[in-house]
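Here come two complexes built around chain A, the first alongside chain B, the second alongside chain C.
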Partner chain A sequence: MAQIALPSIDYSVILQLLIIFGSATALLIVDLFVAAGSKRITALLAFAVTIVALVAGQYSTMGSTLAGAVSYGPMSQLVNIIILAATAISILLASDALPKQGIERGETYILMLLASGGMLLLSQGSSVVMLFLGLELLSIALYVLTAIAFPRLSSEEAGLKYLIIGAFGAGFLVFGIALTFGATGYLTLSEIATHIPTSGIERGYFWVGVTLMLIGFGYKVSLVPFHMWTPDVYQGAPTPITAFMSVGSKVAGFVAIVSILQVLGTELAVLRPILIGVSIATMAVGSIVAISQTSIKRMLAYSSISHAGFVMLGVLSGDANGLQAAIFYLAAYTITNLAAFAVVMLLEANDGSDLTIADLAGLWQRHPWLSVVMSLSLLSLAGVPPTAGFFAKFLIITAVWQSGLAWLAVAAAVASAIGAFFYVRCMLQMYSGDSQTSEPTRIPLASMIAMVVVTIAIIVVGLAPWTITSALALAR
Partner chain B sequence: MQRGIAGLVSIINLVLAVIVCMSLAPTAGYQMVEQLTWLPTMGLHYAVGVDGISVWLVILATLMTPLAIFAARQQTEGNQRAFYALLLLLASSLIGAFVATDLLLFYVFFELTLIPTALLIALYGVGERRAAATKFFVYPFVGSVFLLVSIAGLVYVNWQQTGVMTFDSVALSAAIANGTLKIDENLERLLFAGFLIAFAIKTPIWPFHTWMPQAQAATPDNGSVDIAGILVKIGAYGFIRFAIPFFPNASAWAAPAIAILAVISIIYCGIIAFGQRDMKVLLSYATISHLGFVMLGVFSQTAEGMSGAILTMINSGITTGALFLIVGILARQPGGRIADNFSGAWLSAPRLGSLALVAVFASIGVPGLNGFIGEFLALQGAWISPHIGFTFVVFAVLGIIVSAAYLLRMYRTVFMGEVSVTSAVPEASKSELLVLGLLVVAMLVIGLYPQVILGTMQPSIAALVQSLTQGATQP
Partner chain C sequence: MLPTIFYIGLSVLLFVIGVCGVLLRRSTLMVFMSIELMLNSANLALVTFANQRQSIDAQIMVFFVITIAAAEVAVGLALLVMIFMRKKTTNIDTMTTLKG
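== the complex of A and B ==
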């Protein structure tokens, strides 16, 4: 029997993954010795781990290892920064919100680490197997996190819904991987790219396989028509978890979609009409349905659907400009959404009951700074200058023009115009009308730090977009 | 305290603007240009400068801010700091929009004007303030999204043809004028449509005007926000500066249609103004009616018309600003903003009455005052313009008659007649009379010697018209 030859492993390529997964496992044990009342220690350790991983990204080697299954390049470097920063901020937010609502457990932070490890794997994975592994790691951790507000029924319901729909999506992905492998005989993306069948039944298998893989990730980033779970899960999950998954799984899912689409190269043109249809439908459904929402978390859920459509616009062109615009958009969306959810989290009642848009009335009198943060994030979601969201929208529209799809830019403009309505309505609610409660909102330190960081980031990225674009230029 | 600081800052700003205006050389093109790299890969710059056209709008913006702060002197409700901060933010975004020479920078300031104004209405307004503020924000925003698409498109087409990625409006309009950039006819019309939607809503022109009276009905009674917001309607400037030089053929093609809308604006909004009892809403419709003349002048694409249009914008700022101030003074009485609640104010407040009369005459366009010169030039331009012609002018003149009807009726209701116990208006304070007096002096000066403004404007306008004829004759 021939000996199995193990591929050589360059550990410095997967440094960040090693740190996250290793520390998460170690923290599971450490957490056993942390008293129930002081789980903040676990939170701080988890936060420290993400920061260490963030720094480690600077010392990782660019390249590919594990027989081409995992790689690290300028693009994944940037995406990893976004993911880890989002994780760190979400952990900070969670460490304040969960004890307040009486649902704090040490595992929460560890599961967040594991989920972010899955996201990193999606960003660095260069083989379809790694993509599947990353998606599952991310999803399973998020199923548990969604339901972690036990015994709150809405959270259990959301967790179950997410699990069932997520399993469905994973099924599409596995089947797609199987078909793609069957058609090409390879698992690494670069090899699949050079072995796309040109004719025969294999070509059929290949296209069905790629489409199914895209559907699998379409569930994760909530593209229409795979978006149905989004509002329920966003609403039911504890708010810091919603914040985390709304940004993390979207960034990671889109990076995976980009990896798959890059395999296609010029053949992308075959799928483009479908992708265009999907992105228009996503933008339209997201922004139109959001208008009728009364719950802020549901509104933000539909807004996140609509934003997925915008990112798709950048992705579907398949060229470098579109890709850069999409990554910029994801970065801007990440900081903006974190800021919005941070405010929602601070205003929520202790029983975690849903915050409605009407509850925002008079926030300006109660808490001017919170309303400023919320306004900035809503303006950024609407794409109004001088916020990060504006530049993101601008770059996407420019990229769409450059890919020769001018009419699509008009469609994006229409969707953005519809979106502006409910963002602005929600924003002005805070400045007019009288406050429902006179209860002052106390802002704990960790949330304060998180909120200040993301708020400054919204403005800085909006005024000085080169902070991100220069990194993107390297990632071309 | 906050008011004092805000007032001081705004007056310093005004002085600086006047210094800029005095030191402007009488040549075409941007002067005092400042350019910093913003996003080099996209060809974006923070580029600002003034020329003979924009300097007057800058002066007007800096003049309106202290006036608004003055009008707000009895505003005591709500957070004072935020109020003055938002007023100053509005002023700086307006100035930014007038001096930006980079297209995207202009867009940023153009949009930025919405945020402070909407917040001012939502925070300090009266009545249906939230609905009004939402509409105020969303309506123009919807238009400007299409502007963003068109900007991206224009820059892309330029990049495709010349290989240069630039948002510099000077470079773009020069490329169009000298023929290095040739836009396909249909594409030019589509790109122009994006600019048109944004600027027509912002101007506003009928039928896109509905956001404005609603917003002004909800602003604080003292008129401070209205005065500060007079220039939010920077659409006409956008047409002169960007839409027409970039798309000379399309704008010539669309000129008759826009002229029809402008004439409808003049007459229709004049008739609506006649039906208003609320004096602020009346002034709001009067402004839209005036902006119809501005649009006629702009789209005449002649030197006379464009000078007239800009002069009318300036006049409308000064005159309507004065009228808003007067309505604010009247609104302190129990009668509020409703004209019918007043009677015989002249008897108890003769000085206020006489200043108001001059402002009303100026707004109607009585010769010798500023309104006349602007509207006359705009109409003259429309008459001699190859795109518009005298038929439009005939109808537009009807608008002047209508404006005389509604403004004089408002004046008669409030200031003439018998004074009754319930409607007696005390004389305005000395400072109020002084400020109104200064505005009236400005009306007289511009009316009698418009060369003050037209002289500075001439070189820039001449160059603009020349580049238009050049761009239009390019095959």
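== the complex of A and C ==
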């Protein structure tokens, strides 16, 4: 049996990972000395760490290290920016909302850092071992975060449901990794790509293995038929945590799916019909079931399922256009969803009880600004022109059309039209109807900053999409 | 030593038993054990392939899987204990707070 050879490590490639994991560990100790009533200090420190990591991304060297297990390239640079920005904004939101609901726990922010470290590992991992580790780091931190509102029963149950489904998906992923290793004899993605077996039982192992790995990640990004956990978990988790996981784990999960699909190269054609079926089912189920929801968080959960279908459309085309469109879509979806959840979070009662669509009635009279932000994000989710969501859908549908699947582009357009129905219904509720309560909601400073940033981002990306598309072009 | 295919056959069998256990058992503890079975069947496959190919990579992977599985179950049992103290049951069908 071969000797274990220790690979050389280029620390500047994994700079962002080092910063996040190192400071998260240090913060665990620092948090012990922070008084119980002032956990906002931990939150601010965690926020500072994400900003430092965001800046450090500019100084990391592109390349691959740890024997090809971790790499840093133009695409992971862009994805890391999305992930870290989403983490920073979620930490700001959580630092206001959680103490308001009586959840004064410093470890929340540390767990958010660890989860974002897992997401970075998914975006930078170029070996299936790293993809597995990244997924599990992200997931285990999120299981705890989902249940962080204990002793609230809905939060505990959501955490347990998420854990069972997540671990079930991880089982598929690990077995897929085992079979892929059996077929090729390698664990790094680039080596697997050059050793795809062409015949014999190894080819069987390989296809079953790849399919199982995709199922494992399919659970994470909630593709139909692996989506049933999403509404329950999104509803049960505290709202800032829902915002964080709805964007972060989706971005990271899709990047991992892209890495696996890129391994297949031209053999992707074998899986394409199945992937097309999955994305149509995901868009349809998400859009149609969302119509009958009364809880806003559940509606946003189903809407996030339908958005996963759109991203999958960009991913499965397998060419550069589709990939760029998918990354743009993820960026637009991230800022939009954060804005929507920020408004939901501010309107929620202090006991964390669920906000229904009927509760939005008369929001225009109570809080003109909140209703403007909510309208913008709903329009962006629906894909209406002056917002980021429009260009995201536009790029995806164009990419699908160009790859010769005109009927699929039409199907996507129909699905987005169905989706627009319930977003518009939500908006009508805000501008018509009478307000149920008259008590004013005070908007705390941190949430205000976070909300202003994402709102400006929605408009800027919507009016000047080349701010992101030019970065994407560089990323090729 | 038996041919590799026998070990893979056994691990596939264990994996299927694990999947059925997660889908069919109603006790959360049994579901956790079934998930362990899924992960360990993958470990068996990894070790078998590592032996067949005389490679050390897959054996390292097994250690990662064991560690992660332990962390996952630790979180899971902590959550289950909290829910059990309130509800006095581990039956998965009673977790109906979230419905829509």
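Before moving on, here are some points about what is shown:
Keep this in mind: the second predicted complex is superposed on the first by the 472 of 476 C-alpha atoms of A that agree within 3 Å, B and C clash if a C-alpha of one lies under 4 Å from a C-alpha of the other, contacts with A are read in each partner's own complex, and residues count from 1 in each chain.
One rule holds for everything that comes next: a residue touches a chain if its C-beta (ideal position, glycine included) is under 8 Å from a C-beta of that chain, and two chains touch if they have at least 3 such contacts.
Please read these numbers as outputs of a predicted model, since none were measured by experiment.
Looking at the superposition, the partner that touches the larger set of chain A residues, chain B or chain C, turns out to be C. In the superposed model, A:E136 makes contact with chain C only, not with chain B. Looking at the shared chain after the overlay, A:S190 reaches neither chain B nor chain C.
With both structures placed on the common chain, the touch criterion links A:T211 to neither chain B nor chain C. After overlaying the two complexes on the shared chain, residue contacts for A:T294 are found with chain C alone; chain B is out of touch.
When the two complexes are overlaid on their common chain A, residue A:S12 makes contact with neither chain B nor chain C. Legend: residue contacts after superposition of the two complexes on their common chain; A:F421 is shown touching chain B, with no touch to chain C. When the two complexes are overlaid on their common chain A, residue A:V384 makes contact with chain B while staying clear of chain C. With both structures placed on the common chain, the touch criterion links A:T356 to neither chain B nor chain C. If you check the complex, the residues on chain A that touch chain C are 1-4, 129, 132-133, 136, 139-140, 143-144, 147, 150-151, 153-154, 156-161, 163-164, 167-168, 170-172, 174-175, 177-179, 181-182, 185-187, 201, 231-232, 235-236, 293-295, 298. Within the complex, the chain B residues that touch chain A are 38-42, 79, 82, 104, 107-108, 111-112, 114-115, 118-119, 122-123, 125, 129-130, 133-134, 137-138, 141-142, 145-146, 148-149, 152-153, 155-156, 190.
Within the complex formed with chain B, the chain A residues making contact are 364, 368, 379, 382-386, 390, 393-394, 397-398, 401-402, 406, 409-410, 412-414, 416-417, 420-421, 424-425, 428-429, 431-433, 465-466, 469, 473. Listed in rising order, the residues of chain C touching chain A in the complex are 5, 8, 11, 15, 18-19, 22, 28, 31-32, 35, 38-39, 41-43, 45-46, 48-50, 52-58, 60-61, 64-65, 68, 71-72, 75-76, 79-80, 82-83, 86, 92, 95, 97-98, 100.
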